[in-house]
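When the chains are written out, they are named A, B and C in that same order, and each has its own residue count from 1.
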């Protein structure tokens, strides 16, 4: 284990004169600038020797100065909150840099996303296809050279007859009852066994990062809340962690407790939702109804405390919007006690039902080395024995004041992921009870005045939070106005969805839903409307699409 | 006591009664599984403010769903084999219609004199999986093909305990006519008490036949959208749903005839016997619903292995038990 | 397990004591006729642009398009007069989000006309409210001068004030 000074010394030693500048901000985030030829070496050092994680690659458009590629490394296994941003400035007329995903496969999706949004090319990337745009669009995107006939990479689903059932291609998606939202898994079958799989997302893309860049910081809180329907509070918490780092303010203690309470209740609700969905995916509709019955009680707590079941709009810059009254605290404590008993009953049902075990054990195995290689986060990583939790390694809100444990399990299969999530519900109820006690005994303000953006202490900041699905990262760059210059979001499902094709291989079609479901994918979080354009006729209208659809059937 | 009318009208009446009983059994499955899941299910008594629009009761909700399907358009994929696609539900319906007429319902059977009704019904009931496999395979949808494969595998799994169990009953009654089996039980005891092993084996096989959990594998919507029936819509789907309802009714009637003496208690008059038959039907359906609600779905290979272990062994045990009973019977009672 | 948790909606609704405790629900807007002064702060802070302000000769109309609202509650929080509240009416479905039959909430305030050019300036209530607030907070020694100047200020629109500023002896560097 290396300390942060040793790490910096090691970097300085390796890069020598190529390390052009270095700074540190009060949040324990280092920034170094270097030349583009050394990025792979830095990655090799920070990931191989220091055992850090490359959490995201962002590209910030600096106008006439060029494009700034920022590699965000998280070294919070060394010290709390330790991050390092490695920046490379590329000239605007030749924005090329070598891809880091050969050293760190976990960054491959981040680089693909940035290649779609900006003209930066990551050369020698092992999989440079589009991530959000349809595969048929030109790559790189150049509007004059659109050719609808050339389709690179994707085959349409084929009709199969029994006689040529050697290797059939079955489309799981974009519309399939196993998926909650749109996603496309193209799977190759041999009978019932899956021999190959590929994933294509982008069906839910709403352009949120672009929307952030045209709205002020206060309106951005509402926008962050609506990235995902399940993890609203966590998105606002991560966004506000970043904005409060930029402002250099510390929120009062009471606000910390309330934010933690909201986040933990959200985790309970999300894991109960997942339990129901996992039950539905193995065909256990009764577990689905029962676990969502318990989840209704959490949503009732949200409604009575904040006024809205989901999108509670409780967080704002500088703290929380309103206080939790003592009567609400008493009601919530009682509810949590009752909920704990019911959750234990649900855990009983899941553990002891023989068919549930048969369907979940030995399915979708992800061992520790593969998890570290692919950069899994959240309960998916914790179920492979990796003790990775943002709440303990980069604490925010009141997680340092409460006593709790990180839940891990060594199994690595869908059963282990179920166990980890079920135990986390109990841990979250525990933390919520501790927060409620603290709120009962203390007073104080619930928010402090936000700072005018022209007085921001920093010009960029990283905000992290632990969503129910894993580590959520917001990277905000400000230019002194009240509208952010750039916002880059890396959601946990962005990492976990990349694991799915490898997990599917070797299993049968019957296991595909539960493998996909055990990762707890949140496609809304991953994507951020597709317009079909025909270069001869312009935009295809809805009526023409309907005509096309009706040609195929009688 | 029982009318023995072998006429066309009698058979048609039996078919209709069978269908309506099937609708009631479908309703019961939905209602009981909803109540076990803390939901409400279709209304038995509609709340007062909605009675004008919805009527007093929604007891025939499955029938309304079928009627709705029957007046909708059927969309057939271009690459499907249309004639076979349209014929598959008709094959199922024909076989089921014939099986319904041959199975006695509350003692009434227009073909009571047919000596081989048990064998005929067993073969006719195989027409339903045949129709599913055929319809799925020609529907030119990858889901149809996978669903057909699963249906074929499942039939192999559950048919063995079913056939062995049913023939055990024939061995015990020494006849192959269902009406005579019912008569044999009336004079002694219901075969549920004499041979619970075969009853259990046939019960578990029926759960598989009706595509109820844990064996609703061919129609698992999270895996194969709707299996063999994915591309069916409108009128054709309505015909398949009619087939499913009839299938439920025939299977339950068969179970009651073979193991519960067909509801016939000799001392009671005819209307009461019919009531007892229906009540026994509801009881069996509620047991099936309990199994259906409290279980997730098996994988097809797990289902196959399970069927080979538990129900087949039970049915073999039942067969051995039946033969030993026969020997004891002849040795002790007649002997 | 047997007792249903669902309610026969719409024949039954949740019992009253359940909904009474949920007065926090953010539902449809309601402008308080007396308190709202028509300043339009709600429209400026609205996250989704659901509140629009349109001025005509005689009145200012504040319109809330309920279909665009995301029920964040910022409008209620920022209203300086506490004249906008979010009721607990949440059954707001409609068939289209545009057009005359969509659900909307409107508030009409009468505007004061400029005595110089006749164009509408500000809502009368807003002018009164601003006058009260300024005179409340200003240093007592300058109160008299301020109230005299305010009387002249409010009669004219911005352009007319500019053209007459020398004659009225009101200029920005006059210290209070």
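Assume a residue touches a chain if its C-beta (ideal position, glycine included) is under 8 Å from a C-beta of that chain, and two chains touch if they have at least 3 such contacts.
As the structure is a prediction and not an experimental result, all values here were calculated from the model.
Set side by side, A-B and A-C show the greater C-beta contact count at A-B.
Among the chains in view, A has its Cα centre nearest the centre of the complete protein Cα set. Note on chain placement: the centre of chain B and the centre of chain C lie 67 Å apart, centres being C-alpha means. Chain geometry summary: the mean Cα position of chain A and that of chain B are 48 Å apart.
Put simply, the C-alpha centre of chain A and that of chain C have 39 angstrom between them. With touch defined as above, residues shared between interfaces to two or more other chains in chain A number as follows: 290, 293. Of all residues in chain B, those that touch two or more other chains are 36-39. For chain C, residues that reach two or more other chains under the stated contact definition are 1, 5. Within the complex, the chain A residues that touch chain C are 218-219, 222-223, 226, 290, 293, 296, 303-308, 311, 313, 321. Of all residues in chain A, only 157-162, 165, 168-171, 176-178, 189, 191-192, 279-287, 289-290, 293, 353, 355-356, 358-359, 508-513, 551-554 touch chain B in the complex they form. Against chain A, the residues of chain B that register as touching in their complex are 33, 36-39, 75-79, 137, 140-143, 145-146, 148-149, 213-214, 216-217, 220-225, 293-302.
Those residues of chain C that touch chain A in the complex are listed here as 1, 5, 21-22, 24-26, 45, 47-48, 70-74, 77.
Put simply, chain C touches chain B in their complex at residues 1-6, 8, 10-12.
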